[in-house]
Structures are given as structure tokens and as C-alpha cells.
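Both complexes shown next keep chain A, but they swap its partner, so chain B is in the first and chain C is in the second.
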Partner chain A sequence: MSHQLGRVVSIILHRYFGDIVQTVGDDLFKCGSKPIGMIVKTTGLSRGLVIESLRTLLKYDIAAFEPSVNQLIAEYKLVPENVLLLIRYPRYLLQVKSKYGSEAELLIEELLQQATCTATVLLVTIATKYKDDKEKNITIMSLKDMFISLATAGYIQQAPVAELKEGSEIPTLVPVATIVPDLDTRILLQVMNAGNFNDVKDNIYWKVNYDRFHQDFRDELMIKAITRRIDENAGELMRFLLEQMYLNSPAWAPESNPVSALDVRDRCRRAATDKPLLQQYVDQYLKVLEESGGGFVRRCGDASGGQFCVRARAAALQLVRAALDHLVTERLGSKAARIFRLIRTKKYIEEEDIQKNAMLVNKECKQLTYKLLEEHFISCQPMRKAATAGGMAKAIYLYHIKLHEVAHTAREMCYRSLHNVSRRALHERTLHARLVDKQKRVRTIVHGMRLRGEPQENIDDVEETLTPPEQAVLQGVEKRLKQLSTAELELDKNLFIFNWYFTYPET
Partner chain B sequence: MAGRGRGRGSTLSLTHEQLQSLGIGRGENTTQIVAPPPLFPKLEAKPLSLACDAATDYTLIVKDQFIEFLHESPAFVKLKSQSDGVERYSDKYKMLALDAKQGKVLDCVWTNMPVELRPQANRTRVTSRKRKLEDPSEIAKRLQTLEKKEIQENGETIETNDNAETVKKQEANDDEDIEDEQEEEFEMDDGTDYANNYFDNGEDYDEEDDNLDDGPVY
Partner chain C sequence: MSVKQEDQLKEKILNVARKNPKGISHKDITAAIPDISSAELVTAINELLQQEYFDLFNQNGALLYRLKTQVNKQAVKGADNEEKVVFNLIEEAGNKGIWIREIRIRSNLANTQLTKVLKSLESKKLIKAVKCVNASKKKVYMLYNLEPDRSISGGAWYQDQDFESEFVDILNVQCLRFLNQRSDKIKNNPRGPIVGRTQSYATASEVQKYITDLGISKVQLDVEDVITILNTLVYDGKAESSVYPDGSKVYRSIDPLIPAPGLVQVPCGVCPLVHKCSTTGLITPQECTYMTEWLE
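For the complex of A and B:
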């Protein structure tokens, strides 16, 4: 709940829901939780607008409410983490598309847009939308099957259900266990042909399970890290280990329950056609993974041919370290990074020892050390000798790295640059709003003309209303906006690593 | 400088050697900088270029689509109407387009929302109030009671009769006043007259139908 987080949340709300929702969101962020009357008072907006904004926020799960102490009025509060998830939506779609294909993508996309939706409404809406699309060939049957397999895999879950407690008018949302539904195709078809949802008795609402997606992202990060560190086969082995891990441990456990090497070997044998080398050298690969896999895997027993734990926490730690190394390198140069790494390996180190070990010029080394200290990458612990004879008490300054705090600093940096990037994009858009609008209009007109089959000359005439200099400006804007959007996605990836690290409490 | 020995030099706490060992030489002390640091300092190193592959392109397109969807949906809250006081020919069409968007209410699961956010909460209250005022039987009843009183009080002086009537009237006025106030409050929410529906286009009927399963709100 930092200042930077507030800024980035505010700008995201503005981008997605407009400035009124932004004002309400800002107000909620500042004050923690408050009832509707207070929001009206502090924001100075009319009650109707505040109500509309709160509806939007609650619908997209960006805000929550709870009964106040007297159980009569609801108090609202913002959930900043969920605001940040908004920029991750495209990644969810990409993930599900690459794993399950385009039908799953359509389902998740519609569900993200509707936030919560019943299965019937969801399936029928998509099926009607793509009824005439012969290319994609989407039928309600295949959509239904995909829905069920997504629910089984846990990518979608049942939305919490409202319950009224006694003596209170405010409903409380209670999460429910997901039961994979048994949808009747006949009813679906009936509804689709009827074209309205009036006589549908489906009141089970569904929503996207972000956590399941985050597990996927986490697994991919780990596999990718191992692949880059060792090789493809080792990456595949990591995948198998993770698969086995899910069978007997909770998904976000810091250290999994032991996985038997026999199971892994079995799994490799089944994949032997793709990876013959992996099957041949499983034991060696396990050994390499254990010894130089960055501590992702630990051998925790010798029973049944060796038992291995997957250490998600250690993996998060490694990745955060790598990210920080990279950060220091890019900000302060490779020499500073060398000092940073040196301090990390030595844990506590005196200034003189840094100079000796880092093999840098004395003065430069000091400058870089102080620079690191100034930017909060390293910390300094003075150790005073208790009783000294002379007037000058000679103190020892021990430099060290508090990883948790440095990770915090880095996360704040991410928030700050995320805000900067969004802000810049906003500026870019407002600056060229007129031109972009014009381009859009020309495009729609041209599209309409094409559909009507008008002669090419007329179309050219319309297109020429955008002059070459305007075109050039537009291209520049487009390029810059694309760059900024890409930066946003990359920052989000970094934030994911940091947040993963912060899910485990500091030791 | 009590307690200080001699030969301390100009610095108070550090000797020459100590300063030297810290890397601060004599002539090297730079002049103090008074100006604030630049707002956009020059980058020392060029940032790495961002990865650009098909997947990124896909995510960018999807993101834009999602934002566009939100902007078109009622989730994007806008002021009811912004006019700069200049009447234009195109106003009529703009208002039509705006109205089409504003007529929509965000599609939520209303049972999961606090009562104050549900759309029908306001409406039922207002309609019931209005009905009470305009109900002909109600008016007839009131008139009847007044008539009765008049017959009863016939023998009494005109003054008291007048008094009673004014009291009654006051009561009725008070009632109306309260209701008027509440109505005014309701109207103020909507900002301008444009948002008021002067005729029933049948939309409301439909919407209420939709929300029947939420149970009536009193």
C-alpha cells in the first residue's frame, strides 16, 4: 500500500474505466474502507455516479464490501492487487489459447469481459456470436466440452455466493467449492433457438480462476529457467517433476512433498519418443538438476531410487536474485553489479574487503558502493567497539544485502515505471486524439465502401483525406504506443516474479 | 572547543589521514550544487530493446480489444452530458447516441451486491410514493373525512372550522413537501433533464421483470 502503488492503480483505473471510476478508486485507496455516503462527500460526485462506479468496481472484483460495525450499511474497499491483474488479462488469454486452442480463448475472453456469468448465458452468447462464422466452425457442443474441461482443470471456478446473515441487510460473499457442471446440450440448443434467457434456471455463476493461471506462469518460469541453465531435456525433466508435484502437494507450498524418482522415470519412458536422450540419461539429469539447478530441486531421501522435493521458494529466491542482478547492472553498470554480487556471496563484508575482492580502483569502488547504498540496494550496519581508549572510536561498517527489502525497492521501481509508462501513453493518446479519431473514421468508411463494392477510385479518394504528413505522425504514434504497451507487459512479468517471492514470508 | 586537543585542523571530527583514507583529498572537494537535479536526467546506458514476437503482438491486440470493450460498455462511467452551453445542430444526434448508451445498466449479479447499489431500490420507492399521491381512492377518502368533519363541526363557529381545515391542510402539505423533497433528491442524481424519462418506452417494464427473482424491495 505504497504511494507508488496508489499512483499506478489510479492510472490503470483511468485507462480502463474512465476518470470518474478513477476518482472513486483513488478515494477508496486513500481511506481504506468507507461507506457510500462518505465517498459522495469526499469525492464531490453525485450519488448516482458513485453508485455506478462502485457497481463497476465490484463487478470486476476490484473492490470488495463488508458490513460495517452496526451491520446496517456496507463499507467498500479497493483491492489494489486485482487492479494490477487487469494488465495481465492478455497473458491469461495467450496462455489458454496456446494450451487449449481458440475455443477456450473465446470462453475465457467472454468470461473476463463479463467478470461473472452463468454457463448457459456464456455458451449461448458465444455460440450466437460465431453462428455465421464458417471459418472457425464453432458449435455449442464443442464449446460445452471445452467449458467442462476448463472447469475440470480449474481455470474457471464458481463465483462466491451471497449469503444473508441474520440481522443484517448486507450480503456476505462466501466462496464455494467448484463442482464440474453437467450441462444439457438440448437445453442449450433450445435457449439458443429461442434467443432469450427468460426461462433459464441456471443460477450458478462462474469466474476466471486467476490463481490457476498464476500456477501455470510459475511453472513456465521454472521450466524456462532450467532450460536456459542446463538444456532442453533438463527443462522437460523439471516439467515432469512439477507434474508429479501437483499430485501430492499443495500448489504453492514452499517445498513440495517428496516425489519418487521411479515415477519420474516412468514418465520419461512414456515421453521417450520425443526425448530419447532424456530417457537414456534420467539419472544423470536428475543429478545435474540437483547439483547445479540453482536449488530448484533437492534430494530428500534415497528410498525407492531417490526422492526429490521441488523447492518453489528457493526458485523464487533465485529468480528474484537474478532480476536484482540484472537491475543493478542496467542501472549502475557491471562494476556495481560485481560489488553487489560480492556483498551477496560474503553476506557481511567490510568496506576495505570490498575493495580488495572486487578488484576495482579504490575510489571508483567506494563511489559505486555509496551509490548502491544510496539507491537502497545494499544496507550498512555500523559496529562500534564498546570501549576504546582514544578519542576516536573506530567503527566497522559491515555492508550486507537485505533481500526482502531490496525486493521491495525493486517492486516499487516497477510500480513507478509502470505508472510512468501508462502516463506517457496517455499523454501520447491525448496529444494525437484528433488524428487517431480521424484515422478510425476513415477506416470505417473505407471498410463500409469495400463491403458495398464501390469502385477503387472512390475508396482512394477517401483514403487520401489522410495526408502523407498525417500518416507519418500516425505511424510514429502507433510505434511509440506499441513500445509502451510492450513495456507494460514486461513490467508485469517482473512484478509477477516479485509477488511470487513475497507470497512466502520472510525468514 | 573545550576538551579538544591541538592540531585538529579545520575539520571537527576527522583527521587528515582519516579523510585521506575515505578518499577525500584536499583539492577535490567539489563546489556545492544548489540547483535541483534535472527532471529528466540523461540515461547513462541505453535501455535494452523490448522483445517483439508474434505472442507480444497478439497480447497487444487483445489488450486493446479488451479496453475498447470496456469503453463501450456501461462499466465506463461518464458524466451524463457535457455541453458548453452552445446549441448545435448535431446535438440531437449526439444525445440520441448518448441516450442509447446510458439507458443500459451494468449487468451484474444483483444478489451479490449491497441493496443500495441495486437499480430497482430507487425506482420502487419512487413509484410507490407517486402512486400514493395519485391514487383516486386515497384522494376520495381524504375528501370524505374532510366532509365528515365539516358536517360535525357545522354547529361550531366559522373560526374554529377554518382552523381545523388549515391544520388538515398543513398536514397534507407537509406530507407532500416531504415527498417533493425526496423526489427532488432523486432528480438531482441524474443531473439534467435529458436523463428523465417523460414517457414510458417499455424498457422499465422489461427490466423490472428481469429482476423479479431478486425478490421485491420495500
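For the complex of A and C:
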């Protein structure tokens, strides 16, 4: 685990949970896993605070525990990947909203906040919150239905339960298979009217299934890429193939089991009104997708009109390449990117041939090649030629790309940038903390006055305590923070591609 | 007319003759070299005949000049043995030329003597020395009337051993423009995606014609040259290539699979100081000017 990851994890923990949790998190990151006593010792925090922090971390799945060797005490460790998920929350919400509407968004939002929670508590809490909101018109019935849909589709799942194994003092968390619940609306209504959860017997806990969202993100990436490369019809076809893939293969399989063209054709027929061209030319689209679709799909048999495999691993590879191409272009210019791609196409290539194929001036070409070398985008391997007569033996240098390593470097760069962006945001916030506080206070006061129906003049008076220059500064801060958080989201999307690529072992 | 001009003219005529091994008439010459006066032509031809470059034929009442294949052998007639040996070695090398070192090894002549022989052959306009593009100090010898091979002269992209990168850049842009004109054909084509894809492809010779018609190139580019340029587009990630069943290469312009990713949207992704930047010290994200500018 890298230093850069540690930095970004630390700053995210600080943002979401404050500096005590940050200290504990840092400590865990550095040491791998350790028991509470050790954490207390190294951080110098009181035992109570450490326990409190660990509780928070465990709740959000950011830390895990396991029994130590003697099975008597628990050792804690940080799960850095899950820390990074915290900044992905807005994306989950957006995704579920666009797919299932705003009720689903409320459910996921609440569940993300609670981390784990029973269905009854979740539904009743939301329903109570929006009881008086006529606009949204949210009822506990519709929420319940939505909950069931989300559970069926796998966006939420049952939380693992703690079990005590024999001979151990420390419980282990055992995952349970999710059973779509049968919720009784009457009981829900009763609880809601009672206003407390005292006699609820529901003890099944739920949590958000991140992985299901990640599958969606991956699918979206593949579909968008195909749409860019070919057209919307081909993108839609990709979607259908993915749908079929889920029926017969594990979601993250490097290559899916064969999908029959018959099923796909069937699916296209059902979408005929939307995409008439696709229905008319399914077979042609399959062929073009296979040949010009970046290798996302492979024909793997001819039975029943053709069999196709979805190659998620190949897709990840292509997307990482595309991302790296962009990176090289932006950092070293398009000519360097030309050399970079050339080397990738030829696998191994001599300096002289680079110049010939890239059609660049000798000197420029050499400079760019060395720049690429310096930034670790390419590697160089000297090869001794067998000694020829006259001691003319000259070493030749073969350039090539170790994609795995380059992707690794790029991912580190993502972590670094993410840290820098967050750090800058923190800086902006602290710099203007006083002013932002003031604005907040003014807003609450004004809000209170409006509710009480006080005259407009008084409200204006209060509002005017923020002077125009202050307003201008505040606007600037707001704009900058917004830009920074957009950047964070984009960086996270970028990281997603890299991490997807890294889920498959290097070949 | 100066001697140099005369030589140039002769070279031009010889070039025409080389392209028509069956022979050329007066008309062919004037067609190929329009700015030649008949007096000049006559003197030039006479001299060439004297130097025994041409055979003279009479075909249907018109005079035909045909390039002699054996010119060179006769030209060395009367030369001494050393010259003949060296000449033969050079002739063998064809239009790839031969390096002086190699001539020396194979002819077993002493350095000084060899230089003398080469000088004499050069002065008789039997051989010439050509500079190599990929190694500027290396000279190779070849027969006087040969066009140097691409690997030696660098082909259309070189002007006196200098690589013309601006020319290449212009061609690169123009080729892309041509491909872009048809790249949308694959999208939602009412006649199906296969027809659409075919319509979005351009063969190398189509591109060559387009480039020639544009008239931006002073030299005649052949299909191979255009393919070289088109390949740079492929390495630029702006085009993909494929091969038709008949073996001809086709190209179509493409977009990258993803738009600019997050990393290059933030200043850190393109920052030259990225490895020197840390939480404390001289370069920090809090104080970074790149960030400040970007946030403006």
C-alpha cells in the first residue's frame, strides 16, 4: 500500500469524521493491524476516544477486525479502498435516482448515512421525515415497494452477522444470503403512528451493496465507449449483451460464458420501437461490434446463430490504455503520445524504427523518447547482439511498455491529485471559515424570522450584516469549492477504471 | 547555357527515358519537359548520343531514343583494372549504394589508391556519392544514373537530408480532415452498420488522390507515402486501419474510447512538479499557483 494512498485516505477521514478518527486511521494504515492497546499507545489518545473512533470506522466498513493469534483479543485494520468509497456517495445517489427515481435515492441516502439499519427503522424514519412534504408525496407504501425492488435488484443486501466460533472470544462476521423481505405495511404504519421502535421485532440488518453499483458503473463505461466508437445502436446492443451476461456468468468474470445471438435478437425485437435500426440489422451490428468494438466482444462459437463472449477484462485494458493515452498527451504533447502508442503497437521497437514510423525529426523524437522514459511511461531493454567480426558488437535498445506498471504509476498520480484537490478544498474552507460561519448564522436567523413571519425590513437588516465585499468573497469560495468537488468526483471515476483493471491479475 | 544547366537537362531527359524503357520520341520529351527549346534539345540529345546513352531507332518515320542498358560497361572501356573492379562493386550494390569501407575490403585496394579511383570515376560521371539520411556522416556510392533508394534518400520526406516535419504535419492534418468527412457515415446508417462502416473507410489511394488534388505537395506522393502518413494518424489514436479482402489498406477516423479522464482535468495531472509537491515545504497544494489559476 502506497504512501500516496495513505495521504488521500487520511485527508478523507479528516473531512468526514474529524481529526481524532483521522489519527486512528493513519495509525492503522501505517501498521497494518493492531489491537486497541497498541493504538492507544502509539496515538497517545485516550482509550475511550480510540474505541469511539474504531466504532465509527467499523460501522462504515472502513475498518475490519480479526482475532489475534491467541484468539483472545481483536486486531483492527483499515480498509483503505472503502475509505475512498466515501467520496463516491454522490455518484451512488445519482445512479439510483436516474434508475429508480427519487424515493430510491432517499432510501439509499438514508441507508448510506446509517451504514446498517433494519428495514422497519429505515422506512419509518424516511416516511416520518417527509410526512408533511406534500410536494414529494411520499408514502410508506411506496417506500416499501421501492425497498423490495432495490433488494431484488441487489442494490441493498443483508448485512453480515456476527458469530462466535468455538474456542475464540472474538466474533467473526459471516455474510448471509439476502432474502427479499416480506414487509407488512400494517406493522409499518403502526410503528409510524406509535412514533417509537420499542416493540419492533425486526432484527434483519441491511446495508448498501456497493458492488452492485460498481457493476452498473462498469457497464456504463463499456456502453459509452462502444457508443463513441460505433453508434448508439451498438451501445444498446452492448447493454443487451451485458444483460444476458448477468444471467449466466459471475458479474466480474474476465470473460463471460457464451451468450447466444438468438437471445440477443429476441431482446432487440422487444426494443424495436426505440431502436428500429438495431432490430433490422442485429447480425450486422454484432459483426461490427465484434470487429470494430475495441475487442469488448468476441465471437466464440457458431451454434444457434452465433455465440458471443463479453470480455470485461479486455475492455478494462482498452479503457486503461485510452486513459493513459490522454495522460501522455496532456503531459508531454501529442507527438509523445504518438511515440507511446507506436511502441505499444509494435511491442518491442528500436529507437531508429521509432523515428521512421512516427515521422518525427530525429532530435525531437529522441528527446520525446527520453522524456517518456524519464516519466516511466516506457521502459528500455538493452540487448547485446552476438559479437560480429571486428568487435563491432553494439548493444541495441528495445523500447517497450509495461502496462501494468504504467497503470500503477498513473493510479498513484490519481491518489496524489485527489489528495491535493481535497487538501486545497480544506485550505479554502479553513481560510474562510469565519465568513462561512457567519453566512450560516445569518441564514438560520433569516429562516427563523421568515417562519415567525417577521416584517421584511427586519429580515433585510439581518441580511445586510453580510457586506457586499463579503458576499463576493463567499461566492468565490463557493465556486471554487464546487469546482474542487467536481474534480474529486472525476478523479474518482478515473480511479474506478484503474481499479477495475487491477481486479484482474497481470498476465 | 551553363554546363550545370546542361547537365540538369540531360538528367531530365534521361529520367524520361528511364520511365519509358521502350524508347521515347521528341514529342515525349517536349511533353515531359515543356520549357525546353528545340535547339537546346538537339544539343543535349546529340551529346547523350555521343556519350552512348541512347540507341537510335526509326519507328514509323519517327525517331525513337532508347536507353542503352549496357551504357556503363562501355563507359569504363579503356579504364584500368582497378577502376573496373571498383565500378563493378558499385554497380552490384544497385540503388542502395555501397559504403567506402566495404569497397576497400572487397577490392583489396589501399586507401589512397581507392580514393583516387573513386575520384576519377566520379569525374567521369559514372558514379556518384550520396549522403545517407539516417547517418549524416556516412556516404555511399552508386551509379551516376540511379535514383537512390528510399532508405538512403529518405524518400519524399527529405530535402537534402533534412527531414521536413512541417510538411509531414500538414499532410497529417489534411489526411485526417479527409477521413473526418466520412467518419459519421457509420452512425445510424439507414443501410445498416456494415455498409456504414464501409462508407466511413477510405482507401489509401483515395486519400492519395485527395492530397494530390489539393496540390500542397511539390513532390509526387505515391500510395506508400500516403500510407506512411495515414499510419501516423493511427499512432496518434485518431484513426484505425483495416484491410479489405483484396489486400488494400483502409482507414477510418475514430474517437478515443473515453473523453479526457479526471486525472488530466486537474492541474496536478499535467503538473511538472507533481513529484515534488507535498503537504509541507516549498510546493504545496494549498499555495500552488497552478491550482489558483485553475480555480480562477
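We take it that the second predicted complex is superposed on the first by the 498 of 507 C-alpha atoms of A that agree within 3 Å, B and C clash if a C-alpha of one lies under 4 Å from a C-alpha of the other, contacts with A are read in each partner's own complex, and residues count from 1 in each chain.
Note that in this section a contact is a pair of C-beta atoms (placed from the backbone, for glycine too) under 8 Å apart; a residue touches a chain by one contact, two chains touch by 3 or more.
All values reported here derive from a predicted model rather than from experimental measurement.
Trainee: Should A:322 be classified as contacting the first partner (chain B), the second (chain C), both, or neither?
Mentor: second
Trainee: Which of the two partners, first being chain B and second being chain C, lies in contact with A:17: first, second, both, or neither?
Mentor: first
Trainee: A:232 contacts which: chain B (first), chain C (second), both, neither?
Mentor: So A:232 only meets chain C here.
Trainee: When the two structures are overlaid on chain A, which partner does A:487 contact: first (chain B), second (chain C), both, or neither?
Mentor: both
Trainee: Between chain B (first) and chain C (second), which, if any, makes contact with A:362: first, second, both or neither?
Mentor: A:362: touches chain B and chain C.
Trainee: Between chain B (first) and chain C (second), which does A:330 come into contact with in this model arrangement: first, second, both, or neither?
Mentor: both
Trainee: Check whether A:400 is in contact with chain B, with chain C, with both or with neither, and answer first, second, both or neither.
Mentor: neither
Trainee: Based on the A-chain superposition described above, do chain B and chain C contact any of the same residues on chain A, and if so which?
Mentor: 330, 362, 483, 487, 489-490
Trainee: What residues on chain A touch chain B, complex-wise?
Mentor: So the residues of chain A in touch with chain B come to 15-18, 20-21, 36, 46-49, 51-56, 58-60, 65, 73-74, 87, 89-91, 93-94, 97, 109, 112-114, 116, 159-162, 169-171, 173, 205, 330, 333, 362-363, 366, 391-392, 482-483, 485-487, 489-490.
Trainee: Flag every residue of chain A that touches chain C in the complex, lowest number first.
Mentor: Where chain A meets chain C, its residues are 7, 221, 224-225, 228-234, 277, 280-281, 284-285, 287-288, 291-292, 294, 318-319, 322-323, 325-327, 329-331, 334, 337-339, 341-342, 345, 352, 357-362, 364, 410, 413-414, 416-417, 419-421, 423-424, 427, 480, 483-484, 487, 489-495, 497.
Trainee: Give the list of chain B residues in touch with chain A in this complex.
Mentor: Where chain B meets chain A, its residues are 5, 15, 18, 22-23, 44-45, 47-48, 50-52, 55-56, 58-60, 62-63, 66-67, 69-71, 73-79, 106-109, 111-117, 188-191.
Trainee: Chain A touches which residues of chain C in the complex?
Mentor: Checking each residue of chain C against chain A gives 134, 157, 163, 165, 168, 172, 186-190, 192-194, 197, 228-229, 231-232, 234-237, 240, 242, 254-258, 260-266, 268-270, 274, 277, 279, 284-286, 288, 291, 294-295.
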